[in-house]
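I am attaching a structure below and will ask some questions about it afterwards.
Going in written order, the chains are labelled A, B, C, D, E and F, and every chain counts its residues from 1.
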Amino acid sequence: MTVTDLACARGGMPVLEGVCFAVRPGTALLLRGPNGIGKTTLLRTLAGLQPALAGAVSAPPESIAYAAHADGLKAVLSVAENLRFWARIFGTSGIEGALAAFDLGDLADRQAQNLSAGQKRRLGLARLLVTGRPIWVLDEPTVSLDAASVALFGAAVRAHLAAGGMALIATHIDLGFTAEVLDVSRFRAAPQRLDDFDEAFA
Amino acid sequence: MIALFARDMVLAMRAGGGFGLGLAFFLIVTVLVPFGVGPESGVLSVIAPGILWVGALLSCLLSLDRIFALDFEDGSLDLLATAPIPLEGVVAMKAAAHWVTTGLPLVLAAPVLGLLLNLQGAGYGWLVLSLALGTPALSVIGSFGAALTVGLKRGGLLLSLLVLPLYVPTLIFGAETVKRGAAGLAAGTPALMLAGITLASVALLPFAAAAAIRVNLR
Amino acid sequence: MASLWQYANPKKFMQTTSVLLPVVAVLAALTLGTGLIWGFFFTPDDYKQGATVKIIYIHVPAALMAINAWLMMLVTSLVWFVRRHHVSALAARAAAPIGMVMTLIALFTGALWGQPMWGTYWAWDPRLTSFLILLLFYLGYIALWEAIESPDTAADLTSVLCMVGSVFALLSRYAVNFWNQGLHQGASLSMDAEENVADVFYIPLLICIAGFGLLFVALVLARTRTEIRARRLQALIARERMA
Amino acid sequence: MMPDLGKYAVAVLSSYGVTLALLAGLVGLTLWRGARVRRQLDAVEQRRGEKQRGDNGQT
Amino acid sequence: MIALFARDMVLAMRAGGGFGLGLAFFLIVTVLVPFGVGPESGVLSVIAPGILWVGALLSCLLSLDRIFALDFEDGSLDLLATAPIPLEGVVAMKAAAHWVTTGLPLVLAAPVLGLLLNLQGAGYGWLVLSLALGTPALSVIGSFGAALTVGLKRGGLLLSLLVLPLYVPTLIFGAETVKRGAAGLAAGTPALMLAGITLASVALLPFAAAAAIRVNLR
Amino acid sequence: MTVTDLACARGGMPVLEGVCFAVRPGTALLLRGPNGIGKTTLLRTLAGLQPALAGAVSAPPESIAYAAHADGLKAVLSVAENLRFWARIFGTSGIEGALAAFDLGDLADRQAQNLSAGQKRRLGLARLLVTGRPIWVLDEPTVSLDAASVALFGAAVRAHLAAGGMALIATHIDLGFTAEVLDVSRFRAAPQRLDDFDEAFA
């Protein structure tokens, strides 16, 4: 996946511009940058949830599995039902691998509303495995996870990469595996001059 | 997409009885009106078709904001929008699930409630027919309104404001069908109009709703 | 000649309208003043309706403008949706409150007219009813604009609402006609002379209609200018905060 | 000068009254908001103008 | 506690016009009924008091679930429960804010809507009086229902189901007041009953509601 | 604050029992433990949001300021309005200190819904300063925070401790300041025998 000269906006205001990077199959890229710099905005743009102001992304949104701050879990469905639903939506089958990878076997019949914060997060991450998509785009995936779960997550990412997948991860903390790091703060959009009347309508 | 429909049905069933509650509201509106209006059966039987239809419409309306709002809040809608199914299909499935959990029970229960309001003889058949023809339109139009307001805090009442004028034609033809039916007149024309509205809404509005959701997720 | 679309450029629009607006405003004031004064002071009473005919000079123009404003919103919404000219979307936003006030005026004057003529302020006559529905459409449209913060999102959603709403408004009109045959006057401005009102009423009425039309144009221009400025103001403040 | 409105005086006068009041309200609101937005925009543009002059040292 | 009331008012104002929308719903219910029932003014004027009261009740009902649900979802309710103000006070303030944003506009707008339904002469005064006396009870009873269902997904319809039976006495006395007033009869007794219900609810229900919230947070 | 023999339950099931610890004024205690062990449950019990099954807590809930996974922010209120509201509720005055401590001055007039994840969290933490309460009970406070913000948080906690306050913090990651650590996994409730019929109703 190559991203060239991408610019993206939040709330009508450009936050990042000239973003260029490439992720080769089998590698991961970590996005870093202070709070509010625009990591979430960038990831949503890549996932096709909002249009880019400018620039090009080589990978189509259909190849991207996106995991956001919110996990998209239904409180009254059990862990297995939640996963099975997403597997059917993405046309894959078999949730056992995902359950095992995130150690959710014991919790499979528990309703999602009765999980602790970290258990919920693990379930949200397990969803990635059932999408069957090659590019993972993750926004702070290890929030609320304990050390053991972070290790599970690291193993899952490594397995995904080993199978030729790619991962793009925005995070503030150490994920326990090595990957290239990109600091997005250098793409910060310069405040525009707005001399021309039209520019307010970009 | 079947998976989505199935999930919505399960959710409706588990989350405090989605089936029962739309129905219960219909029941309660029909029961409250005699309390407000007074028990004279002459008056009641005159207003029965209208009240039954207004009640059906309101109980549809009440559950509308949940069509997309819950999925928006927990992030599912983002994920569905990036999933390999067209958003138009998502809208259609959600509207269908809404109809099965709300509209269908109303259709089945309406004759009993007609009794409470002293609906006249021939009206019962027409009541069921008109609700069966009309409630799908209510669900689809409602999904469109819900798509417009998804993501707005307190969107619920704004949604009502947007949707109710759109419901007017359905309501008029629906109530008119029952009224004519109950009075023993020919009720075919309004019933046909009702069917037309439903068909057109089902065919076209999912596209408008999907467009609105895309804009709202942006 | 350059394309008509150049006026959809905000800067060009501001330039053009800064000249145009005062002219239209003065014309509107003159025409409306003439029409209303003529209608109120210098027309005879109708043999049947008495002095109440004087209401026609505001009732009919307001009713016409109420419909025209919606039509204009429909056109500008389509333009925004297809060509994404911001001025177009903002003009739709600017027109909505004017349309709503015109609808209110038509309803009020109609109601006040109804009391002496039909013995009731309100009846569920089809034409009256469809105006009430129109008022609801206006309310919903304005409320949606107000509820959404991001201007482009709001423009997109309201234009979808306007298009879908127009179809349903038309449907309602038929439904309402089907539902009730009314008391209200038919159109008397038609060309066939038998139906037409007498010339003494007709000419001041035409002037009033022109006056309301000009007032509508002036208000739309003024409000669109304000909306454009507000949009720029918002963008500037946001950028200031970012810097 | 005032025409004789007879028994319909109330209806006619209140029609005109309500209409004129509503129109005046609409025009007034339009002008008021126009002036306010214009004032705010001028203030911001002036502030920016000063800052830009300060930034690149030109007049 | 004034701070809480003030905040709720600001929120109602900002979040898409809390004031206007409850009102709009009232308007729309009153408008829809003639579409359903038919335009005959005789029938309408008979049912007007009942429909107006049912409409007021429904538009109160629609905004109930937001009284506590929003605060629960974003965690504010947890924080308020641990704050140095009694939870009973929180409930009372929230009910008051609900009344000011929903009940009060209804009281003021009701006469205009009475016109649409062809309400008879003397009824207008009684309509306003009965709504002014009765809507505070609707808000307080509603807060109690909202407290019972806070934290339930899709609590909205369950809430309606719980609250509507509690609304019945208010509705009966309210509509009766207007009906007698419109018919030119003495309407003092039902109005007094209405006032009694309101006073008792305002005095007692906040305690029940606070207890329910404590249980729900647990 | 001393906690003796506390037992607490979630969803009707005891999760922790025999919890004993003490926090002296001017010190902080970090709670650690794997996901789902019961940290959130323990903190909610201390804050008075749910009753304890057994045991005693020396500090009354009125002296505790609780900050949970959710921040209790109103999306349509500005940053300053949100803070000012909580200040008035807690009967304190002056939000400037709190704004400054979490570097929110520039964002004071921004609506909370337009904040990024980390900015929201900073606002949620700033609320603690306006409560004026001596014991802070925090559940994973540094979720979504970047390094600079974590440092701000550390400074705020140190200042609070220096003024004689106490802090009890559940976290999985490094907070950048030293404090005593308590692993709650050793208080894990033993699966009960349930011999007596009554016990199912505990």
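Assume contacts are C-beta pairs under 8 Å (C-beta built on N, C-alpha and C of every residue); 3 or more make two chains touch, one makes a residue touch a chain.
It should be emphasised that the depicted structure is a prediction, and the values quoted were computed from it without experimental measurement.
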Pair of chains with maximal C-beta contact number: B-E
Reference chain F; chain at largest CA-centroid distance: C
Distance from the mean Cα position of chain E to that of chain D, given in whole angstrom: 37
Approximate Å spacing (C-alpha centroids) for the pair chain B, chain E: 24
Between chain D and chain B, distance of the C-alpha-averaged centres to the nearest whole Å: 43
In chain B, residues with contacts to at least two other chains: 15, 73, 152-153, 155, 158, 161, 164-165, 168, 172, 218
Residues of chain D touching at least two other chains: 48
Junction residues of chain C - those touching two or more other chains: 136, 139, 143, 147, 179, 232, 236
Of all residues in chain B, those that touch chain A in their complex: 2-4, 7, 10-11, 14-15, 73-76, 78-85, 217-218
Of all residues in chain A, those that touch chain B in their complex: 47-51, 61-62, 64-66, 68-77, 81, 85-86, 88-91, 127
List of chain F residues in touch with chain A within their complex: 11, 33-36, 40, 69, 114-119, 122, 140, 143-150, 172-173
Chain E residues touching chain C - in the complex, by the definition given at the top: 16-17, 20-21, 24, 27-28, 31, 34-35, 38-39, 41, 44, 115-116, 118
Complex interface listing, chain B residues touching chain E: 15-18, 21-22, 24-25, 28-29, 32-33, 35-38, 43, 46-47, 49-51, 53-54, 57-58, 62-63, 66, 70, 73, 152-158, 160-161, 164-165, 167-168, 171-172, 175, 179
